[in-house]
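Two complexes follow with chain A in common, the first pairing it with chain B and the second with chain C.
Entry: the complex of A and B
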């Protein structure tokens, strides 16, 4: 009975979809299940996946951060620009993370102290951070990074894993740990369910939100650095439109857009589904745009299933 | 202060926006030589025409506590679809072309509406999905072809420069007049019809609206239909203005329209805002964009960075002023009530 209940939960449904995708993919292409392909498909969108982790926190908190992809672009461009103007690599990396922190704090300031909706603030900064990135590199493409930096982004460092994938696993552990086993994680949920209630019960709502948005800025900046390392060069339009993929991953993972519910486990399942679907479609020669369409359909469909379920249950209740 | 008391918060918001627009005009005319001229009006009005129509559609949806992120893809698809039909069939009647654009847009908006209202999926998820879907539809349908200006009929290419009347070099274009007609029509629809008031009611409190017997689902669907139809109309205007349509047409319009609506004082959580506000928001943003490009001290790359900051500051000032004013308003009301009760 208990197993059945688990299977009927959202994660159970996602797991089923995931198994289905894996089965179809493995059937269609021999290359799919190889370790190389697995790691390859992961590292090709590792930046989005990393940001999806912190995005899950923010959406559970009933806020949203649309500026992540622009922050990614900004930190990558800042790195290129700093190295290009003669700043040493370690210094430049540190500065980029500081830019991420400052950007996140900036978002957090308007959201918590000025009480503006995060949708508005981060929408403005989606334009703003992207603009700053363009200011730094204009319409050039900067390719100045030292060899070791590019190697770090492009070659495996531990066994078959590249650095970015390792960082992802590390962050995943931290995310699961914080969300499930710390007070802070519980605060994130409680604020997402009812912000006023959380405030009255003595939770420091402002501080939690500030921490989340600052973390979002820093992690986006980190993702930008990893992206720059993987591509080996930076351009003003790096990561353009990534925020939508990231939010899709999180919402498909069962995190409610109204906050208060969702789990990292669900997000991981949905990330795997999205990656496997895209990879499988690429292996069977389906173009990128059609892939995006399929993902869009999946998003709508996945949101419809719980409603269909409750509709079905209400029908049953009526007939009995 | 008496004059202020008669103002409703919405009206005040519109006034603040007008003042901001004047402030921007004054600021840039002191920065740029020969700034305030007919060309500025012509250029800004031509681009506001598109964005305002789109923003009004977005307003309908945002008023009901929803959001439509697929409008950019709808604009792109209708622009391409109608453009392609017109290139194949140059004899098509202009009215038919417009009806086709509005119809296709309404159909796409209707799909959003059904999914949101009847399948009860949050609008942000639905329209994120259909944004990708409609764009995919466009890419597949276009087969990597481009609509070219040379294949389009003459009347369409002349449309953007067609004037209703001109004062010296100040032109009032037909498309701008069309936009003004849409603003007036929808302002009336929202202010004076029961449908319009129901949009506000649903946005302020969906539960209460349902209890009061409103057909919430049908009204939300209508809002999405109207939004889609206006996005279709924007697609037609886009086609007329730019002529060459590729698969990337209209990308980013969804965020621009949301920005215009938000700057225009429409509450992102539904229930308050006005069409005139959305129009002024679109006008302010376009004016800033156009002016920043011409500001010689800064490179064009600074434009977006400053634009983001300006959207933020305008919304923040707006919210601070509104809070003060609402507090004042509430105190006035509270004072007024006991006086009448004493007798």
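Entry: the complex of A and C
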């Protein structure tokens, strides 16, 4: 009976969809299950996947950060610009992370101290960070990185795993650990359920939110650096529009847009579904708008299922 | 078979005096799975290139497959990299890329090459040429500059005036090279009366290009001409001028498709524009890629091959880039009221 209950949960539903996707893909293409392909399909979206982890925290906290992809672009462009201007690689990398931290703190300041909605603040910064990135590199692409940096982004460093994938696994462990097993993780949920109640219970709401937005800035900047290493050059439109994919992954993972509920496990399942679906379609030579359309359908469907379930239950309650 | 082949090659060699290397005539029926990748799907010129590639595919009786795969416009850069990486995983034998990702596609192209895949670019090359074996250039990039400068001078007239460029994306290697070539050409005193005032980008999206064209008119009250070296940009700009009733004041020119431009040329909004055949470009790209992927040519400078109905082409060092090889297709056709209707059918 316990198994049945699990299957009826959101994660159980995602798990079924995932298994189905894997089965169809494996049946369709011999290349799908190969190690190379598995690593590649992760590497192609690794920056989004990394940011999705911190985005899950923020949405559970009943906030949103729309500026992540622009911060990614800004950090990548700043790196290119700094190295192009003669700054050494270690210094440039450190400065990019500091830019991420400053950007995150800036968001957090307006949201917590000025009590502005995060939707508004981070929407402004979506435009602001992107604008800065474009000011830095203008209409060109900068290609100045040393070979070791590009190698880190493009070649495996441990077994078949490139650096970015290893960093993702590390951050995944940290995310699960913090959210499930620490007081901070519980605060994130409680604030997401009811911010005022949390404040009266003595939780430092301001501190929790500041930490979350700062972490989001730093991780987005880190993702931007990894993106620059993977592509070997930077330009102003890097990561344009990625915030939508990232938020999509988190919401499909069962994290409520109203805050207070969701799990990293669900987010991982939804990431796998989206990546496998895209990869499977690409391997079957389905690209372009058709691919986008299929993933859109999946989202609508997945948003419908829980609502249909409660609608069905309410119908039954009425008839009895 | 080999003897016959050699005899043909020898005959070709004799026929062309002064060339050291043999002319390769494609052997039909060899298997190569190939992918034709446009900058993105849904653009007429890329569909035409596919038409040409499919024609060559049938002609060469390749038992392999030719796929036409591309990303959506919003996802062009990441999408191109993803398709190239997936093609490598699938074990495709070759890919033909109209590159929209600048040098950002180079790591994926190098990875494809290391797996033995043939990587040829067409329409728009990889600027650093890293990971790319050969670029099929539609026209000489310097000639494009002169053709655009000539059209600008023709339209604006000897009285002189201002014009602006409406390009595709800021990192499109082909458009950037043409604009640079045009700026170079404009230094000639012949063009001293006309002045280039701005370069703006519509990202090859109709709506953005349309708005950029209108913004140019607002910004430069004396503007006489919008020069758009992209088929999307020129059509959008001509439509914008027509919709706003500005055609008498601001003309449109650049690189356009007769089928899309015919009404604007006939009503005077776009009196003159130029283009080459994208069908031929796809056809030639396919021949070169097929020959390299099946090992009939190596893809090195000096090799000459026959591309079916289009005749002989020679691989040379690309003079417009620091590195890289090219095959030059050419030439331009300039369209005006006298010939646009016939070409649009």
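Convention: the second predicted complex is superposed on the first by the 316 of 320 C-alpha atoms of A that agree within 3 Å, B and C clash if a C-alpha of one lies under 4 Å from a C-alpha of the other, contacts with A are read in each partner's own complex, and residues count from 1 in each chain.
The rule is simple: a contact is a pair of C-beta atoms (placed from the backbone, for glycine too) under 8 Å apart; a residue touches a chain by one contact, two chains touch by 3 or more.
What you are looking at is a predicted structure, and each value in this text was computed from that prediction instead of being measured.
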Joint occupancy of chain A by chain B and chain C, clash or fit: clash
Partner chain(s) touched by A:297 [first = chain B, second = chain C, both, neither]: first
Which superposed partner A:289 touches (first chain B, second chain C, both, neither): both
Touched partner set for A:141, first chain B, second chain C, both or neither: second
Partner chain(s) touched by A:231 [first = chain B, second = chain C, both, neither]: second
Contacts of A:123 with chain B and chain C, given as first, second, both or neither: first
Chain C versus chain B, contacts on chain A by residue: B
Touching partner for A:40 - first (chain B), second (chain C), both, neither: second
Contacts of A:131 with chain B and chain C, given as first, second, both or neither: first
Partner chain(s) touched by A:257 [first = chain B, second = chain C, both, neither]: first
Clash-bearing segment of chain B relative to chain C, given 92-100, 110-118, 182-190 or 236-244: 236-244
Touching both chain B and chain C, residues of chain A: 236, 287, 289, 292
Residues of chain A that touch chain B when the two form their complex: 110, 114-117, 119-121, 123-132, 134-135, 138, 236, 244, 247-248, 251, 257-258, 287, 289-290, 292-293, 295-297, 299-300, 303-304, 307
Complex interface listing, chain C residues touching chain A: 40-42, 67, 69-72, 74-75, 77-79, 81-83, 85-86, 89-91, 102-104, 106-107, 111, 128, 169-171, 201
Touching residues on chain A, where the partner in the complex is chain C: 29, 31, 34, 36-37, 40, 44, 139-141, 143, 150, 153-154, 230-233, 235-237, 241, 278-279, 282-283, 285, 287-289, 292
Of chain B, residues touching chain A in the complex: 115, 119-122, 124-126, 128-133, 135-137, 139-140, 247, 255, 258-259, 262, 268-269, 299, 301-309, 311-312, 315-316, 319-320
